[in-house]
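Both complexes below contain subunit A, partnered by subunit B and then by subunit C.
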Partner chain A sequence: MKRYELIVIGAGPAGLSAAVEAANAGMSVAVFDENARPGGQLFKQIHKFFGSKEHQAKIRGFRIGQQLLKQAEESGVEVHLNSVVMGIFDLGEITVQHGDGVCHYKGDSILIATGACENMVPFDGWTLPGVMGAGAAQTMMNLHGVQPGSRVLMVGSGNVGLVVSFQLLQAGVEVAAVIDAAPQIGGYGVHAAKLARIGVPFYLSHTIVKAEGTDHVTGAVIAQVDESFRPIAGTEKHLDVDTVCIAVGLSPMSQLARMAGCEMTEKGGAVPVVDEYGQTSIPGLFVAGDVGGIEEASSAMIGGRIAGAAAARRSGYLPEEEFREKASALKASLGQLHEGMFSPKNKGRRDLTVTDEGYLLSKTLLHHGYLSEEEVAGFPGAAPGKSAGIHPVIECTQNIPCNPCQDACRFGCIRVGDHMTALPAVAENARCVGCGMCVASCPGQAIFLVNDEEEAGTATVTLPYEFLPVPEKGAKGVALGRDGRVVCPAEVVEAKTAGFMDGTVLLTMRVPLEMSMKARFFKTGEGTK
Partner chain B sequence: MRIQKHPILDRIQKGRQVTFSLDGKPMQGYEGEPIAAALLAAGVRVHRYTTKARQPRGIFCAIGRCTDCVMVVDGKPNVRTCVTPLKEGMRVQTQVGISAKKESDDHETI
Partner chain C sequence: MSRLLDRNREIGAFVPQQDDDLIICRCEEITKGEIRRAVHEGMWTLTEVKRFLRAGMGLCQGQTCGRLVKGIVAKELGVRPSELEDTTARCPTRPVEMQVFGNEVHGHE
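Here is the complex of A and B:
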């Protein structure tokens, strides 16, 4: 039986971060993961992460995964793949299934970072092939390069449903609609707005009644729900889809913690009770990441580092003072991600009507996925008349922990302030040179450059574009509004790419002057909708 | 359908192309990708039929948890195709209950 100072179960963002932290402190660390590849769900995350520089904001998830694997390798962490941890026993012993055999290992400390699995919602036809988790669709397209279907209904408007819907579009799959039984969109408004301006409809207070088909999905029926979430007869609507994706939340996979005898509590599923550093009721047994309560990858990585450091302290590798200093810095960083409208303490709240600054929250954004033109003008990132000539228009209207736009502008035109969740504001005397760095760096794709003084009677709008094919200079088509409807003819005047923009193209289109605050997406050809 | 070119991932790295069989019929896929991915790319959605009600099942979680996508692989039933890497010459069969589908049931496949 081989012994390690720390055994980590799960090679996702939390587990790997903990392993690296502990190994860098000098511990011998082994990580076991049942999958063939390490990284957990990070390699499926192809969008740019939110947060600030220290949270690796504006870097795509899979690149963060690559960095984490490199750190694990450099720090001497042993990663055992295709290794299913079957049980945790007294005195830090675990059993691991490799292939058809079972091996025993012993850890002075053990850290469980097994993540979460997708929740499901049963309905007529939910077992048909073609009904799958949103994460399953993401796995197939982003890891294996296979489209999960040709036309998808997304059930659930939380961040997973919104992000995966956008990724489906990027993979060339149509999204027929995003529905949610709740009366308002659950995820970030900026994620919803990316879908709305491409023309994806949202149906709030709607549920799926049926997946049609005999051998696989050939259609779906949705219906409006009443206040008790029961379908209202007569409101049924048929959608032509061959795939239904379910994104109705995640549940912690805490079975090992329960098996080990940890004291458990309820937090969106059964989770072990932990102290401030992730240690369970069993000394030397830690948890980090989603298994301790559902959040997202950035928090999981910080939580992992805190627990990894705590394990190092326990084994005498980190002196008390050094540990406290490290832990308090990490907790401060985690605290920043825990602020704002979508923070763990505000989870599921639907009674918020104003931002921290007192701006009225957009109702059209919550109910239809886009801001109305009148609403946009009221926010500090888009106030009209602030700048002559080219200037950024920031359509970021909710308090979310994110500030790369502030760092992106060399001229200090954009200010978020010390509180990462504050709304970005464009300075009165903004000296915008039109570089587009802010457009490329916004993980929410919510920044546009508008030039009202381009030529007489016309304006240009620069938008972030992450689809193929990229329209070429001179391409003619139409501009779509925030709601995805055609607003005017448009012509591409520039399509700028650069390595540091990592796949985000800055597409500049020329539109009639009066359309500069309406046109927000470009579609080649004469498409109408 | 396979994604030929992706705006963010460009071309998704694949192993060499290999031939395997589904219910005796030759199929193409890439070595090392999950069997389920190769089947999905070929438009195959039904992986098995349940024991009692003979209801179809396919990819559901794609991470090896739900066991909806199990098939008979090289004669072994209940193999999770979403986490089992494809190899040259693999014999994959639609599973009915816990057995391979009989040749006479062939009209049920796509």
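Here is the complex of A and C:
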């Protein structure tokens, strides 16, 4: 039986981070993962991450995965793929199915980082081919290059539902609607706004009652729900779709922790009770990432590093003092991600009406996925009249932990402040040169450059564009408003990109002057939808 | 837990529902009605329901239906889902062929 100082189960963001941290401290580390590729869900995340520079904000998830893998390689971590950990036993023994045999391994410490699985919601027809988890759709698109369908209904408006819907559109799939049984959108407003301005409708307080079809999905029926989430008769609506994606939350995959005999508690599913460093009730058995409670990849990576360091301390590789210093820095970093309206402690809250700064939250955003023009003007990133000529309009109106815009502007026009969750504000005396760095840096694609003094009677709007093909200079079409409706004709005057923008194109369109605060997306041709 | 252990507690008779034919455990094709009926036949723990119906014993090992079965059983018993103890987690966590399970590989030092 081969022995390692640390065995990590799961090669996702948490597991790999823990492995790297422990190996860098000097431990012999092996990671086992049942999948053919490492990285967990990271390699499916083609969007830019939120956070600050130290949280690798504005870097696309799959690139963070590549970095992590490289670090694992350099630090001497052994990554075993196609290796299913079948059992966990006393004294740090595990059994692993690899190929047509079963191997035994022993770890002085073991770290479980098995992540989570998607929740399902049963309805008439939910077992038909074409009904799938949003994560499954993401796997098909982003790992295998296959469209899951041609027209999709997304059930669930949390960040997973919103992000996957946008990626479906990027993959050339139509999104018929995003629905949610809750009365308001669950995920970040900026994610919803990206969909709304392309014309995706949101139906809140709605549920799916039926997926139609005999051997595959040929349509879906949705209906409004009452306060007890029961469908209201007579409100049914038919949608022409061939795919239904379910994004109604995740459950921790904690079977191994239960099998090991960890004391468990309830946190969106059964999770092991842990101390502040991720150690379970069994000494030497740690957990990190979603298996200990659903969060997201950035916090999973920090949690993994904390647990990896704790394992290194346990084996004597990290002196107590050094460990405490490291752990407290990591916990401070994690703490920053745990602030704001969507923090774990505010999860599911629907009673918030103002931001930390006292700005009234947009109800249109929560109910329809976009800001109304009047609401936009009230926020510090979009207040009108601050600077003439070209200037940024920041449509970021919720307290989320993210601040790359602040670092992006070389002239200090944009200020978030020390508190990463604060709303970005455009400085009174901002001297915008129109470089567009802020537009490219915003992971929420919520910053636009508006130039009201372009030419007499016209204005230009520069927006972040992440679709193919990129409209060429001179392309004529229409500008869409925040709600996805056509507001005016528009012409592309520039499509700028650079390596560091990593695929984001700064698309500048010319619109009539009075449309500069209405036009937020460009569509080639004479679209009318 | 005490409410769950008191098997004399009255939970009422089985009342048919419109969506009783809905499949909940896809792998073993167990319907909502079968699960609800099992509760009224005395299966008050998730482990009992699993052994009685095989719900959660198929290819996905309850990964998809586990939470759904729990919700249905809890509702039938009039308790919160979190009050119900999960079914026992045991090796192997994933389905594995017997010839593989029995093939211990030694000496891979």
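Heads up, the rule we're going with is that the second predicted complex is superposed on the first by the 529 of 529 C-alpha atoms of A that agree within 3 Å, B and C clash if a C-alpha of one lies under 4 Å from a C-alpha of the other, contacts with A are read in each partner's own complex, and residues count from 1 in each chain.
By definition in this document, a contact is a pair of C-beta atoms (placed from the backbone, for glycine too) under 8 Å apart; a residue touches a chain by one contact, two chains touch by 3 or more.
As the structure is a prediction and not an experimental result, all values here were calculated from the model.
Once chain A of one complex is fitted onto chain A of the other, the partner contacts of A:Cys117 extend to both subunit B and subunit C. In the superposition on chain A, no contact is made by A:Gln224 with either subunit B or subunit C.
Once the two complexes are overlaid on the shared chain, A:Leu256 sits against subunit C while remaining clear of subunit B.
Once chain A of one complex is fitted onto chain A of the other, the partner contacts of A:Val85 are limited to subunit C, with no touch recorded for subunit B.
Look at A:Asn451: by the touch rule set out above, it reaches neither subunit B nor subunit C.
When the two structures are aligned on the shared chain, A:His144 is found in touch with subunit B, with no touch to subunit C. Look at A:Thr95: by the touch rule set out above, it reaches subunit C but stays clear of subunit B. Of the two partner chains placed around the shared chain by superposition, subunit B is the only one that A:Glu466 touches, whereas subunit C remains out of contact. In the superposed model, A:Thr127 lies in contact with both subunit B and subunit C. Applying the stated touch rule to the two superposed structures, the overlap between the subunit B and subunit C interfaces on subunit A comprises residues 34, 117, 127.
The part of subunit A that touches subunit C in the complex is made up of residues 2, 34, 84-89, 95, 97-98, 100-104, 117, 119-120, 122-124, 126-127, 251, 253, 255-256, 258-259, 266, 269-270. For subunit B in complex with subunit A, the residues that touch the partner chain are 1-3, 5-9, 12, 14, 33-34, 36-37, 40-41, 45-47, 55-65, 68, 82-83, 85, 108. If you check the complex, the residues on subunit C that touch subunit A are 19, 22-24, 26, 32, 63-68, 82, 86, 88-94, 96, 99-101, 103-105, 108-109.
The touching residues of subunit A, counted against subunit B in their complex, run 34-36, 46, 60, 62, 117-118, 127-133, 135-137, 139-148, 150, 170-172, 214-216, 466-468, 470, 502-503.
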